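Okay, so chain A shows up in both of these, paired with chain B first and chain C after.
Our next item is the complex of A and B:
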């Protein structure tokens, strides 16, 4: 199970965390990965200064922009799923 | 037990009129609340002037404990006489009541006020007085918690006349409607809005007369404490959280950092929910022991918008929202449920927020505007800056 946490604090909300959440939910459903990816939210991670929405995948930190969600999903999340 | 008086009204203007010929006036003074609903003869400017004069005179005099007879004769002798109709005329209902629920009501020519007790409508036991040839009805009031008094102008019982209904809406129909639609815990404003909304429906959205419902509700105190933002002195977090939590009442935490500070103090975790019932409002969170946890500035901005709508006396959307976003949940607790609101505003600066439309000045401004609007709703508001 890959644990993906998206920040939904004020600053990340303005940077588009809602779009990211919805797109990730869509991608997870579309690829039938609901049993492998655990998507969750959190309030401020204290990294509001970074260029993008704060996201952690199994504890690793990323700053993600809404336009890069597709690539991020296939390059980072899918690769973490044990084959 | 000390009770709390809550009031609210909704007015519909006769179609095509810019001014309302009904006027509601309220003064809170020396532990007494005085509420007046006056309905001026005719409509438009003339009616508005008559109603304004009547309500102002009565409200000022009654709140200064001048007796009924003198108040009524003053109004009768002062009102300008209408050139067309050769009469000076405004009908009125006046409530003068203290925080123990004791006082009096007197009425002249308005539809009889309705008492709602135990969720059921009843009549007042009225006594007739003759003042300068006018029949005025007086009632001694001994109200209990969760009693409501509903005052209305004749636009209410005439609703739908000649349109949907032959003879308009009778007073007993109004009572039945209230019995059916009253939900426990409804605010005074909520009841006024519900009844006026029904009238508007009967008028098919085009009121044939100015229509006003004013409601006074006696209720028990319901304090709410709300923490917005972490305090400046970081090492004293625990002190501030303890002070916030120690008081009586519901607890609300607004803001990501604040919720983490509070959760840490309680030895709990903040669980952020992941649902976006409203695209402008970030999701809410959950902390064991806290009644509501929301995001900060964006939610407060929406709350301010909602408070403006709530305060509008012509808005007919139900006062209690069914929506599940953070701002609507906050609105229900603060506007509908609370009688006393205590803010704990932390002024710590989130460096990453500076320059964005969510910085500290924005937050402080929002809190100020919201607390002003809460005062306009009749809440007792206290602000603490940490």
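Our next item is the complex of A and C:
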């Protein structure tokens, strides 16, 4: 199980966390990965200054922009799923 | 501290005095000097020998000492959060309608004609007198007197208490009946002598901040009520958010996001049950429980917006502590209820927040602007009367509810609530939804507000329009996520 946490605090919300959450939910469902990816939210990761929405994948931190979600999904999240 | 500048932040000098007490208590608590300095606070606030408020500085200091006790949590054996400082009560006249010496002894005697109880008599100079054994205090005589010579001598506290919880005790001081009191705080705001005060939990909050060890031991979350938009108007809202973080909070979240969640669920519940009252205002809910227990089954089962969002924060961001900051004294009762206690750790008012800022020397006007954006327009307008109704109407629209006619009544103030509830109890209320707000104008009229102005409603609406999310569904879509602490 890959644990993905998206920050939904004010700062990230304004940078597009809703779009990111919706797109990740869509991609997880489309690829039938619901049993492999645990998507969650949290209020603030303390990195409000970053250039993008704060996201962690199994504890690793990323600053993600809404337009890069698709690549992020295939390059980072899917690769962490045990084959 | 420039006192004149600070005074401008408050409606009355009573609030300002109360603020100074809270500030001194908080300052000492932050500095770990409260234990040694607590008995010095009255003299710090009332220096010198010249009294400015009461008969002598000794009485003034004695009253301040009582205020200090309340700022430190008050009488723990009294479950009510509203208390009377007996020595501060001025024993105002409470005789009801009286004829003053403005009576000119006219010929018309309108007062006599209008009095259905024949309580008005005249002396040999034709001056009116009221027979108190017959008078029922209807006030008709006062209305018709062309000289306004008849006045009502009612205590401001009793006058403000629409649930009739205040009476005069054997010492002529005001006394609160806890069986009736809904902790709305109307008396706190109205008493011109500052004798009715809400207990403060600022020491609990300061203690939580300290023990969080800079948010390392656990994170401190502030949930702020949307009425904050009408407060702290000397600074930008973003600066207030930064100031709250400067106090030691990890993050600030809008209670309005909880309001979005509540509106959505309340709309579903209303369609299912057919008749509902709101559950957002703790004083209104308490009023139903105390005065109309037969209607309790119709109260929405939702937690209040603050408790709803606090529950979500606790489920996603543990370990953490949640402090609600708002305009409301009744919230100080609500968070102690068993169904809310696990989610909200403490409650303070805007008045108390201002005291904390100044105790810590936070220079709000020169801070950078933080951001506060979680909720939709609809969640934010919960702060004013009618907003909740608008939000539920919007939620019904977003849910595409077919064949359900929404027929709400928005009750502005506890008196309006009483009228709607009395009708509902008799089965003659034509509406299927009661929005109950104990304070007139809604939360922006709350006793814990720094200022109560004409512009407050406009400011809340403007703040609502600034929200990034325009619909309730969009605002709450991110919350459908499972908790990040699972798995």
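Quick notes on this one:
Criterion: the second predicted complex is superposed on the first by the 83 of 83 C-alpha atoms of A that agree within 3 Å, B and C clash if a C-alpha of one lies under 4 Å from a C-alpha of the other, contacts with A are read in each partner's own complex, and residues count from 1 in each chain.
The working rule: a residue touches a chain if its C-beta (ideal position, glycine included) is under 8 Å from a C-beta of that chain, and two chains touch if they have at least 3 such contacts.
What you are looking at is a predicted structure, and each value in this text was computed from that prediction instead of being measured.
Once chain A of one complex is fitted onto chain A of the other, the partner contacts of A:11 extend to both chain B and chain C. In the superposed model, A:49 lies in contact with chain B only, and not with chain C. Touch criterion met: A:21 reaches chain B and chain C at once.
Contacts of A:38 after superposition on the shared chain: chain C is touched, whereas chain B is not. Once the two complexes are laid over each other on the shared chain, residue contacts for A:3 go to chain C alone; chain B is not touched. Contacts of A:70 after superposition: neither chain B nor chain C is touched. By the touch criterion defined above, A:81 reaches neither chain B nor chain C.
Across the superposed pair, chain B and chain C both touch chain A at residues 8-11, 13-14, 17-18, 21-22, 39-44, 46, 48. The residues of chain A lying in touch with chain C in their complex are 1, 3, 5-6, 8-11, 13-14, 17-18, 21-22, 38-44, 46, 48. Residues 255-257, 259-260, 270, 272-274, 276, 279, 282-283, 285, 295-298, 350-353, 356-358 of chain B are the ones touching chain A in the complex. On chain C, the positions that touch chain A within their shared complex are 215, 221, 241, 250-254, 313, 316-317, 370-374, 468-469, 474, 477-479, 481-487.
Of all the residues in chain A, the ones that touch chain B in their complex are 8-11, 13-14, 17-18, 21-22, 39-44, 46-49.
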